[in-house]
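Okay, so chain A shows up in both of these, paired with chain B first and chain C after.
Up next is the complex of A and B:
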């Protein structure tokens, strides 16, 4: 049996299901201290004074960390603009809190109870500052400046000019205009943030904490503590989900600092509420779009202005904005395009990485435009998409050709056929949904497609490191793969195992994965994000395995050890016209949704979803299906019931009883996962990344289904029953 | 630390005595409301008097006068599954089958649910619409209270200290009943639930009782709707017009439904519940 293409079971499954696997919050050490965080819990204020006197006298308190204790009081994944701790003792920037989850102090004590008692006794004198509640307010003249380096509160503006939109719109027979808005989203991973830090046997500050990119976390901790990277060790224990929500630093830096200060192990576990206010969210975005086509359905021009709410700190907002920009007109070849994209500081919880990374927001706008255009042209939406879909060599909005291996038309056709679209002499034809008896219930079928980059973009030097050791005599007995790439719950390590086994021609059981400890996997693998882990680590492991196998055959020494660093083709940043080679490859997906709407109560029920996802080569088909189903459900949550509400910078939904995620009662009645395998020329054994793609087309496919059912367009997410009713009434 | 004592009563008399004479005593039925209280820091030092061992409290059967008698310790699942209830009181079976989830229905009891009188409880509206009588036993003996008098306010009932619900009696008077629910997305209680019972005389509405839960501060009869329907031929138009009389009430609001939305849902569900009750009455 070949290792690749087999649905091998997950080695970590039983331990996780029976509760035996230790997650970060389960870790303990002798002599361990406990830490709790004092959050600002106000959106914008200056800290005038901090009185620790009474708190410090609580029995059991060992130390209280404040801004004055942080050697270099800044961090951030792309832009170090966030104070580790806010308050007096550092500079003006750090004296202000800019969102409810800014941290003011960390209390370290012998027990959690003592730490909590002391936290309640810390006296903070705040001077309230005017709150910037959204990007519109942030861009008004006279708005409070949140970061001195950006006096207009605009962190970044991208400008794309391809062709001549004036000339393009002049050729258009039909022009569709639309305004869209989408909300934030909480990752709601199973395991809230937690970690344990200590000084290890080599005197390093060791931090065991769930993350997505051990070497980046090591670098950020070292930066804040002013230590050389190698004096910091990051270990990822079992990780209880991530979805981008663990890209940013949470407890790591303050725990490292506490361990360094006290010389003792220190543990911190955030509550669910602290997790929800403490880590970043998906970007809320607004769009204004114009799209023009000729009568025969040829797209000629598109114009988009999009604004993303960056929140209080940059996080990955600049990168998300880049993605949102190049996907703002969807997966189509359009000769004349103009895009202006802005990400704007506010006093909201920072926005950052979340499955799809800007692609779901932009595709909601772009694919809604396509559905409206199809209606305006009297053309089937699948027909219109196939006429304009990106193909090998099509020019992107950045004017670079698409990388080889584009399968957009292929996934569109497979998805459409599977839910009942018919090819007729007049072209593709949408199936009619069977209507229930109750007159207030209407059903419809909708369609959308998407593309999404695999790997880091815009000139980032993408690379991934792996070492393969082959043990044995004449035959291979055992193989050790060292690769730092994180298994955040998505099954990456099983994919590593299967790829190594395939490259070496052995059974997967003989492969052992050593991972996610900067002390034992010294080379970086990059983040478990951007649908890149299987693609990047797969290539690195394959390279190392092939090199090791050649040594195994040529040399006498045992074991053989080979290291390989995979470097994909270089990308480039956008210039002032948006010209660039943004990415080295993409994944392609199409989705059809059958939905039912109660036109009297506003309830929306998803009956069936068909997702055709080109994964290049399914390393483990069962795991691929799991990713598709999980992404569809998560997207359904974003589109319907997940309603992250912030008012004047305050989070009104800080619990899972007020911020609802789909349960088994809410999920679609049926999800058909269609695994398409058009090999990626650059992928390991043809595999593409796929973890984000099935999320992306869901929302516009759902609103297309609701339009099919009611004749009404739904342009604003989430589709809470109240919003659905209001929209029906407005367009009645 | 919580100091909770536990005592299993062997008889109703023992339970009543324990509840009347023990400071801080609380009756334990299915425990679904009570056992949440420690996490809400509402349950201090208490003695829980378990009613689960008392014989005969979970029977369902007909009285000699033809009413259905349901023991207070009957689980919600047993209500939903009972063939007599499904046939004669479909509104009650429908409501019971939509309470919470299977685990809740297997433990939670009719009596516990009524004593709790949660503003979003499914069963309270049904008992109002079905004109149920609650039989109570306390230190001063037994008494019967109509559902209308039993529910006295938000989480308030006619129960006095040491008094227990022993059973509920619902008259079987013909006609048809139905329950319609919009689930609260966070709690699975009723964000709005409407129960209706309708009898027809010569094709026109005779006796008619309609009640709402979840949308108002506590389960409430919609007497305006009842009056608007009485004597009418129950056409779609007449039912829609009558639903407009579900107004002038104090509707509740929370992040999942404003008072206006709950008022709207009440009108929609009144129409659906009455329409189905009429179909069953024909």
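Up next is the complex of A and C:
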């Protein structure tokens, strides 16, 4: 039996169904201390003074960490612009708090209760500063400057100029204009942030936590503590969901500092409220778009201005902006394109990585434009897409050709046919939704498509290490794969296991995965993000396995051990015209949504979703289907009920009772996953990354369905009932 | 103010001196070190901390330990901790991919055990209703529903 392509059940599931698998909040050690964080809970203020006197006298308190205790008080995944702890003093940057989740102190005590009591007694004197509530306010003359290096509060501006848009629009018979806005999104992984730090048997500071990229966390901890990387060890036990929300540092640095300072194990568990104010969100963005086409449906020009709310610190905003930029006109070949993209500091919770990483926002605008253009041309939306879809060799907006293996037309056709689109002599034709008897309920069917990079972009260092050990005599008895990549719940380790088994021609049960520990793996795997883990780790494991197998055949020593570093083709940053080779490969997806709208209550119900996702090669079809269904429902949440509200920098939805995520009662009646397998020439056994793709086209497919149902365009997310009713009224 | 309480957890009686305000979820996790019961929201929304209280599902984060004095609690560890002899629901969640990160899983299982006892042949709609108070962020729920229907079939000996 081949290991790849079979739906093996997950080995980690047994421990999880019996409750034996420890997540980071379940860990404990003898002599362990407990830590709690004092968050600023104000969006913009200067800390004038900090009085720990009374707090420090609470029985059981061991130490209180403040800014003065942090050797290098800066961190950040791409730009180290965030203080580990904010506090008064000579460091102007760290003396200011810039969002509600900035941290001021960490109390370490014998019990949680003592730590909490002491935290309540810390006296902080703040000077309130004017709040920058959104990017519009941030860019006004005289707005408070949030980071001295960016006096206009613009962290980054990307500018793309391809062809000549003036000439392009002159060729257009039809031009569609649109303005769109999308909201932030809270990851709401079910396990709030938690960690345990201690000094291990080799004197390293060890941190067990839920993260996405152990080696990057190691580096950031080492940077803040001014330690060599190898003096820090990061371990990821079972991780309770991530979706990008654990890509930034949460508890790791302060826990390492506390363990170093006290010499004892220290544990910290964030509450749900601390989790929601403490970690980054999906970027809220606004778009202004113009798209032009000839009468026969050929796209000739597009112009986009987009602005993303970076929040208080950079996090991954520059990278998300890059993605949003190159996807701002959707998965189409357009000769003349002009894009200006900005990410702007505000006093909101920082924005950062979240499944799709800029792609959902830009595709909402781009695909809404396509649906409007189809309507304006009197052309079927599938027909219009197929006429313009990216193909092998098409020039991207960055003027580099698409990497080989483009399957945009495949996924569009397969998705359309599955939900009932018909090919006729006049081209593709949309099916009509069956209407219910109640006249206030209207149904419609909508369509959208998307592409998304796999792996890191724009010249960011991209590589992955793996080691394969083969044990046995004449036959292979057992194989150990060492690869740091985190299983954040998505099943990455089962994919590792199946790929190793396939490469070695053995049963998957013989493969053991050692991972998520910087001390026992050969090097970085990169992040469990960017739909890259199966692709990158798969290639590294395959490379190591093939090397080990050759040694197994040629040498007599047992076991054989081989290490391999996979390096994909290089990418490059954008220049001042946006020229670059942004990515080495992409995933392709199309989605059709049948939805029902209650025109009296504004409620939107999703009846059916068909998602055709080109995964290259399904390593484990059951796991792939699980990713599709999970992504669709998460996207439905973003598009409809998930409403992350910030007002003047304050979070008004800091609990799961105020920030609502979909329950089973909200989900589609049916999600049909169509697994398309057009091999990626660079993928391990042809596999592409896939976990973000099904999220991306959902929102514009839904609003297209609502337009089909009502004749009204919905250009602003989320589609809360109030907003739906207001939009219906405005356009009635 | 502390109280002496005796709670039977997974068939074993435990007597402890506890603070009046100690949550049942914290008692289970911190006093008894049964960490299979997870805490996801601390106020009864997510259902991850669901345990059986005299056979009925309750949110252990919304109860005090003292309220369980003299009562019987079953946690996920009490279903089966033997991988060779899993409860049919545990087995079905494993086989039918009813979990990804698994953090919400114990709460789903403890919600479903009494449900399937009361309704051994549920429809898909009834399963959806039964789990409508439990949040999962990974699966999109469909594989959970499939797992429950599979477990029901097995429990009925089909």
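Keep in mind that, in the parts below, the second predicted complex is superposed on the first by the 729 of 732 C-alpha atoms of A that agree within 3 Å, B and C clash if a C-alpha of one lies under 4 Å from a C-alpha of the other, contacts with A are read in each partner's own complex, and residues count from 1 in each chain.
Heads up, the rule we're going with is that contacts are C-beta pairs under 8 Å (C-beta built on N, C-alpha and C of every residue); 3 or more make two chains touch, one makes a residue touch a chain.
Just so it is clear, the structure is predicted and the values come from calculations on it, not from any experiment.
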First (chain B), second (chain C), both or neither touched by A:110: neither
Just checking: does A:600 make contact with chain B only, chain C only, both, or neither of them? Give me first, second, both or neither. first
Is the number of chain A residues in contact higher for chain B or for chain C? C
Check the residue A:645 against both partner chains and state whether it touches chain B (first), chain C (second), both, or neither. first
Quick one: is A:12 in contact with chain B, with chain C, with both, or with neither? Answer first, second, both or neither. second
After superposition on the shared chain, which partner residues are touched by A:189: those of chain B (first), chain C (second), both, or neither? second
According to the stated criteria, A:672 is in contact with first (chain B), second (chain C), both, or neither; which is it? neither
Touching partner for A:657 - first (chain B), second (chain C), both, neither: both
Find the residues of chain A that appear in the contact set with chain B and again in the contact set with chain C. 657, 665
The residues of chain B that touch chain A in their complex are 101, 182, 185-188, 255, 257-258, 261, 264-265, 268
Partner chain C, residues of chain A touching it in the complex: 7, 9-10, 12-14, 16-23, 25-26, 28, 187-192, 238-243, 271-272, 488-491, 622-623, 625-626, 629-634, 655-657, 661, 663-665, 667, 671
Give every residue of chain C touching chain A within the complex, in rising order. 29, 33-43, 45-46, 48, 75-77, 79-83, 86, 90-91, 93-95, 97, 99-106, 109, 128-129, 131-145
Going by the contact rule set out above, which residues of chain A touch chain B in the complex? 600-601, 603, 641, 645, 652-653, 657-658, 660, 665, 721-722, 725
